[in-house]
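Labels run A, B, C and D following the written order; every chain starts at residue 1.
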Amino acid sequence: MAGLATTFGSGAMTNSINEIENAQVILVTGSNTTEAHPQVARRIFDAVDRGAKLIVIDPRKTLLAKRAHIHLAIRPGTDIPLLNTMMRIILDENLADDLFVEMRTENFHELRDMLFRLDCQEMAEIIGVPLEKIRAAAQIYGRAQKAVVCYCLGITQHICGTDTVQSIANLAMLSGNVEKEDTGVDPLRGQNNVQGACDMGGLPNVYPSYQRVDVDDFRLKFEKAWGVSLSGNPGLTVLEMTHGGKDGPVRAMFIMGENPLLSDPVQEKVRETLTNLEFLAVTDIFLTDTAELADVVFPAASFAEKTGTFTNSERRVQMVRRVIRPLGQSKTDADIIMELSRRLEYPMHYQSSAEVMEEIAMLAPVYGGMYHDRLEGSWGLQWPCWDREHDGTPFLHKYYFTRGRGRFVPASYQAPAELPDGDYPYLLSTGRVYHQYHTGTMSRKSTLLSREAGEALLQINPLDAGRLSVRNGDFLKMRSRRGEIKLRAELTDQVREGEVYTTFHFSEAPINLLTIAAQDGKSKCPEYKICAVSLEKRTEG
Amino acid sequence: MKDVLTTCVYCGCGCGVYLHEENGRVISSAPSKKHPVSRNNLCVKGWHLHDFIHHPDRLTQPLMRKNGKLVPVDWDEAFAFTASELARIRQERSGDAVGFLASAKCTNEENYLFQKFARAVLGTNNIDHCARL
Amino acid sequence: MVLIMTNKYILKKDHLVPLLRQLGKEYQLVAPLENKHGDTLFTHIDNLDNCRVDLENQPQNSLKQFFFPQQEVLFRYRNQPGVSYEFEPAKSREDAVLYLGVRPCDLSAILYMDVVFLKDFKDPYYQKRRNNSVLVGLNCNTPFDNCFCNGTKSGPFIDYGFDLQLTDLGKYFLVESDRSRGEDILEKLHQFFELATEDDVKDQYQAYLESRGRFKRQVHVDLAMKNLAEGYVADGVWTELSERCQDCGGCAYICPTCVCFSIYDQQQSATEGERIRCWDACTFSGFTRMAGGHNPVDSSIRAIEQRFRHKLQFDVKKHGRPSCVGCGRCVEMCFGGTDIIRFINMACCEGM
Amino acid sequence: MEILQPDLYLPKSAEIIDVTEENSQIKTYILSFIDKEFNDSFAPQPGQFVLLSVPHYGEAPISFSSTPDENGRFHLSVRKAGKLTSALHAMEKGDIVGLRGPYGRPFPMEQFEGKNLLFVAGGIGLAPLCPVINSSLQNGADRCVTLLYGSRTPSDIAFKADIDKWRQHENVTCLLTVDSSEEGWQGEVGLVTGLFGKCSYDPDDTLAIICGPPMMIRAVFAELERQGFSDDNIITTMERHMKCGVGICRHCHMDEKLVCKDGPVFTLSELKKLDVMELRS
C-alpha cells in the first residue's frame, strides 16, 4: 500500500465500510468484491438498489460486473492508461474540482502536463475498451458529489501496482473525491489482520504505527522503550528472504502462521530457499506445506483460543475473544514468543494481551487510545485514535491529508513483465474464490466449504476450450516458463478468449509453481495477476 | 454452554461473529446483529468459521526434525533447541542472518511481540509478512 | 361485577424472575437475553441475577439450534479393517430445558419441525430434545420491521402448541396452558398465579387486535402461494433472484424451519472417527451434486426456485400450510436482497 | 447420562463375503450382516436401496442388485464414481462395511406378474433391474422378457454372468450394444435406443422398466412414448445425492418429491407431473 502512503500519507481505507452504501458513485477496480469481501459487496448492492451508479473495471465478467451500470472489461495490466484517460476526460470536460486541487494538493502541474500529452484514442486501443464507454465512466465519476473507489489486489499485484494506486489517488483528488464522508479511496485488505500486521510494524522498514526504522528519532524512541540498541537499517522484504536460494541473505527463519511455500510466487525458488536454511522454525495451527520443511514446529492456538485484537480493512481495531482453552498442548503465539525471548535473555513480562496493548498504545501514536477495556465495551475503534478521549476516525483526511497536501504522482503505462506469445499463448491471472481462504489451511478443513469448492478450477472461455477439445471438468496441463501443474477446466464466459483464471488455495495445484517472480519496484508486490501460460488437454486424471 | 462474540478470520471485513461453545467444543457460528460490519449476516465462510477449530489435523504438540523426520517432542526441547539455534546464528553471523515472517492471521498483540522479538532480541529488521498476497 | 372463572391466569411482572428461579430448580432455562454487546439471543441462563431477559426485541437466533444444532456428533465409529467396524451411539446430556419467550413464529416453526423430524421416521436426536422441552410462549404485541406472520397465519398471537404462554397485558402477563406440562407447572407453582377474569381475556383480544394493526409491511403470502401453485411465476423471477444471491446460505441457517442437513465422517485417527451432522442449505450447488459431478439441479436458478417452492408450494400441498412462519429473519440477513419478502412481492405481481 | 438409541442413523456392520469385478469401474459385493438374527430378518425388495458406510468416507445410497439368497446374502453393485466408492473398491473380501436400510419404494412387483417385461438399462443402471429380471424368470415362465443393455465399450459390459444365465431361458431376449467398438466385438454399436428396432413386443401388453444415465432415460422415454407405451407402463428408478435416506435432509429433492421416500421407483406418469431434470429437453 505504498502508493497511498506517498499520495495521501496513509495507506489505508479512507472510509468505513458502512460509508460505501451512501456513495452516489462506486468505482470498483481490481476487486472481485462479492467473493473476497462479501460485506463490502453487500454495501455496494444496497447502494445500487438505492440508485447509486456502479462502475466496475475488471477483465472478467464477475458477479459484480454483471450488476454494474458500466463494466469496463480492460485488458489485464492496462489500469494506468485507463485511469489516465479518465482523468484527461475529466479535465477536458471541466469536471475537475479546481478548488480542491488548489487548496489541498500539490504537484498538479506535473499530472496535467502528462495528461495533455496523452492520446486518448490510442489509449483506448491499448485498454481494449471503446473510448465512448470510458468517457461515460469518467463523466459519471467526475460529476459525482460522493464517489468511492474500491480496489484490491487486482491493482497491487502488478509490477506497476504502486503507480496504479497513485493513479487512483490522482483520479480521486482531481475530482475532489476524498476528505468527505462517503467519499474516498478504499483499498480492501485481503486477509483478516493484514492491516494490523502492518500497523504493528510487521514490515522491514517501519516500527509500529509506520515509524521508520531509519529515522533516528523513532529508533531512539524504541531503543529507550525496549531498553536495547536497535538496527537503523531497513530489513529484507518477504521475497528477498524467501527467494534467496541456496546462499540467500538469511540463514535461518522464524515463520509465524504463514505459508509462503503456497502463497509466494515461484514455488521452486521458495522451496530451495527454505530447505537450504540452517534453521527453520514455524508456528501454526496445522502442519502446512511450509511447516513440513521446518526443523521445529510449534503448535499454535487458534483464534478461538486466545484474546487479542484484529484490525480490519476499515482500520477498526476490535476484540478477538477466547472461547475455549488451547487444544492439546498448543500455546498462543504470544506465549511461544515470550518463552523464546526469556530463553534468549530478553524476558518479556506480560500478564495478558491487554498489557501488550498498553505498550502498543504508548509507542504507536495511531493506536494511542486503544485499550482493551475501551474495545471491550464498544464495536472497536478506528485508527487513528490518539488518546483515551479520542473516539477514533471513521474517515481519513478530513481538512488535511495525513501528509499535509495530497501529492499528485503521475504514472505512465508499463507493459506487464510477461505477456502471452506463440509458445505461451494464454494470459493467466490468479486470485481467490468465495468458498476458500488464502492457502486453504483453515477453510479446506470445512467439509461443506470444500464440497462447494474442493479443487482448483481453471476458468476458461468456452471458445478456447473448444479449440483445445476440452469439456467442462476435463483435466488440463498448464505450463509456464517456470513450471507445470494440472487442474480441471471450468468453462465460463466470465473470462475472455485468451485469458484464464484460477486460485492459489489448493496445494494439489500449486499455482505459484507457474507465477512470475517479477514484482513492483516500490511495494515489492509480486505480479500475480499476469503471466503467460500454455494449455494442453490431459487424457487422464 | 455459551456464546462468545469474536472477530471473523476469513477476510479483511472483520465481521462480529458469535461462536457457540458446548462441552468444550465450538459447534456453531452466527452473526452479531448490532455489529457495524456484520449487521446480522455472514458470508458462507463466516457461517463455517467454527469448522476448522476442532479438526483432527490440528497440531497439538511441538514437533522437531530428527533423522529427517518431524517427530513429537516436549515443549522444553523445542524451546531449548530453537533458542540455541537462534543464539548460535546471531553469534556466528549476526541477527541479520535471521528472517522473520509475521502473520496477517495473528493478533495485533502477537505481531507486536513478534516484531519486538526480531528487532530487540535478534537485532534485525528482517521482518515482513504477506501483506501483498 | 360478576367474576366469571376462566382457565387463564395472571402473573405479575415482578414475579417473572422469582418464577424463573423456581423453574430453574427443575429445568435448564433458555430465554432471549440481551448481552453486553446489545444483541439479543436465545441463551442458556447461567445466573438469573446476572442477565437481562429481553422480551421486547426479537431474538436474532431462533430455537432451531437448540433442537437441531448446527453441528452435532451422531455417533463414533471404530474400524479395524477386516476385523470390525463398530458404531457407538453418542451420549446425550440433555436435561429438561424450559424455553421462555417463544414467539408464535418460533413456536410454529417448532411445530413444523415436529412434523419433519417425527412424523414418519423418528429422528432420535430431535425427539430426545423435544421430549425434554417445555415451551413458554409469548404472544407478540409489537411485530418487528420485517415481520409478516399475519401473512403466513402463524402469528402475531397463537392459541396452541405451547406448554404455557404469556401475553403482556401491560400491568401483568396473562398465562395460558395448552399441554399437561404447562398444567403441571401452574399447579405446582400455583402461588405465582391468580385466576384471570373475563376482562383480562377481553384485554388479550384487544391486544391481539392492536398487534395486528402494527405490522409495518403488507406481505401477501396467500397470493404468492396461489400464483406459485397455478404456475404463474415466470422464469424471470427465479433468474433475477439467482443473480442477486451471493450464496452465503444465511437464509437457510437463520430460518427456524429450514432443516436441510448434511452428514459426513470426520476421521480422528487411523481407526476412529465421528459421524457428524451439520446444517446445509438447498441453495448450495454441492447440495444436490452427485459423486462423479453430475448435478440434477443444474443452476442456481433452479436451486433458488426449489427453496421458495418448497416453502410456499410443496409444503402447502403436503402439510396444508407454508413452511415459512413469517419471522422475517432472512430478510435482514440476506446479502443480495434475495429474501422471501422480495420473492413474494415479485410472485404477487405475476399472474395479474 | 442416557445413551441414545439412534437407530435411524446407526448402521449395522456387514461383512464382504465376496467381490466380483464386473468391469474396470463396477464391482459387485456379496454381503451379509454380522448380526445373524438381524440378517435373517432383513428383507429388501427389488428397487430399494441401502445407505452404505465406508470407514472415514461417510455414506452413499446403493441399490440392491439382488434380493437375499437362501443364506441371507445379498448383492450391491457399485460403480467407482467418487471418493467413497473408490475407497470401497479398494476393500476386499473379509472387510466390513456399514449398512442401514432398506429404504425407498420398491418396484411394484405384484403389478409385473404375468406381464411381458421390457428392460432397458445403461451401464450400472442394470444393477437395480437384476433382482426384477431374476424374479420375473422364477415365476410365470411363459411371458416374454426383453433386455436392452447399453455399455460404453465391449469391455465395459457388466453383469455378463447374469446375462449369460438369463439368455438360457428361451423366452428371454438380451440385446447388447456399445457406444464405441473394440477389436473382436461382433455386436451392435450405437445408442441403446438403436436396439428397439431389433426386437418385438406388444406396447399394449408390456411394461417397460428403465434405469441408466439421464441422457439415456430421456431418449428411451421418448422412444417408448412414440411406440405407444402408456405412461403408467413405463417405470424407472431415479438416482440422486442422498444423506439421510428417510425423507428429512432433502438432498434428493426432485421438484415436490423426495427420491429417497417417494421413490426411487417412479412411473413416467408420476414423473410427468414434476419438473424433473431427466425429462427436460
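In this section, a contact is a pair of C-beta atoms (placed from the backbone, for glycine too) under 8 Å apart; a residue touches a chain by one contact, two chains touch by 3 or more.
Bear in mind that the values here come from a model prediction, so they are computed numbers and not experimental data.
Think of each touching pair as a link: the shortest run of links from chain A to chain D has 2 of them.
The chains in contact with chain B as well as with chain C are A. Of the two chain pairs examined here, A-C and C-D, the one linked by more C-beta pairs in contact is C-D.
Here the CA centre of chain C is 39 Å from the CA centre of chain D.
Averaging Cα coordinates per chain places chain A and chain B 19 Å apart. Mean C-alpha positions place chain B and chain D at a centre distance of 51 Å. Annotation for chain C: residues 37, 93, 246-248, 262, 264, 266-267, 280, 284, 289, 335 touch two or more other chains.
Along chain A, residues 38, 42, 379, 434, 447-448, 452 each make contact with two or more other chains.
Shared interface positions of chain B, i.e. residues touching 2 or more other chains, are given as 2, 5, 16, 34-35, 41, 43-44, 50-51, 55.
The complete set of chain-chain contacts reads A-B, A-C, B-C, C-D.
Interface of chain A with chain C (complex): residues 34, 38, 41-42, 45-46, 49, 63, 66-67, 377, 379, 434, 447-448, 451-452, 473.
Within the complex, the chain B residues that touch chain A are 2, 4-16, 19, 21, 24-26, 34-38, 41, 43-45, 48, 50-55, 57-65, 70, 75, 78-83, 85-87, 89, 93, 95-121, 123-133.
Of all residues in chain C, those touching chain D in their complex are 74-75, 77, 79, 81-87, 89-94, 116-117, 120-125, 128, 259-265, 267, 273, 275, 277, 280, 282, 287-292, 294, 296-298, 306, 309-310, 313-314, 317-318. Across the interface of their complex, chain A is touched by residues 36-37, 243-244, 246-248, 262, 264, 266, 276, 278, 280, 284-286, 289, 293, 335-337 of chain C. For chain B in complex with chain C, the touching residues are 1-3, 5, 16, 18, 20, 22-23, 27-35, 39-44, 46-47, 50-51, 55-56.
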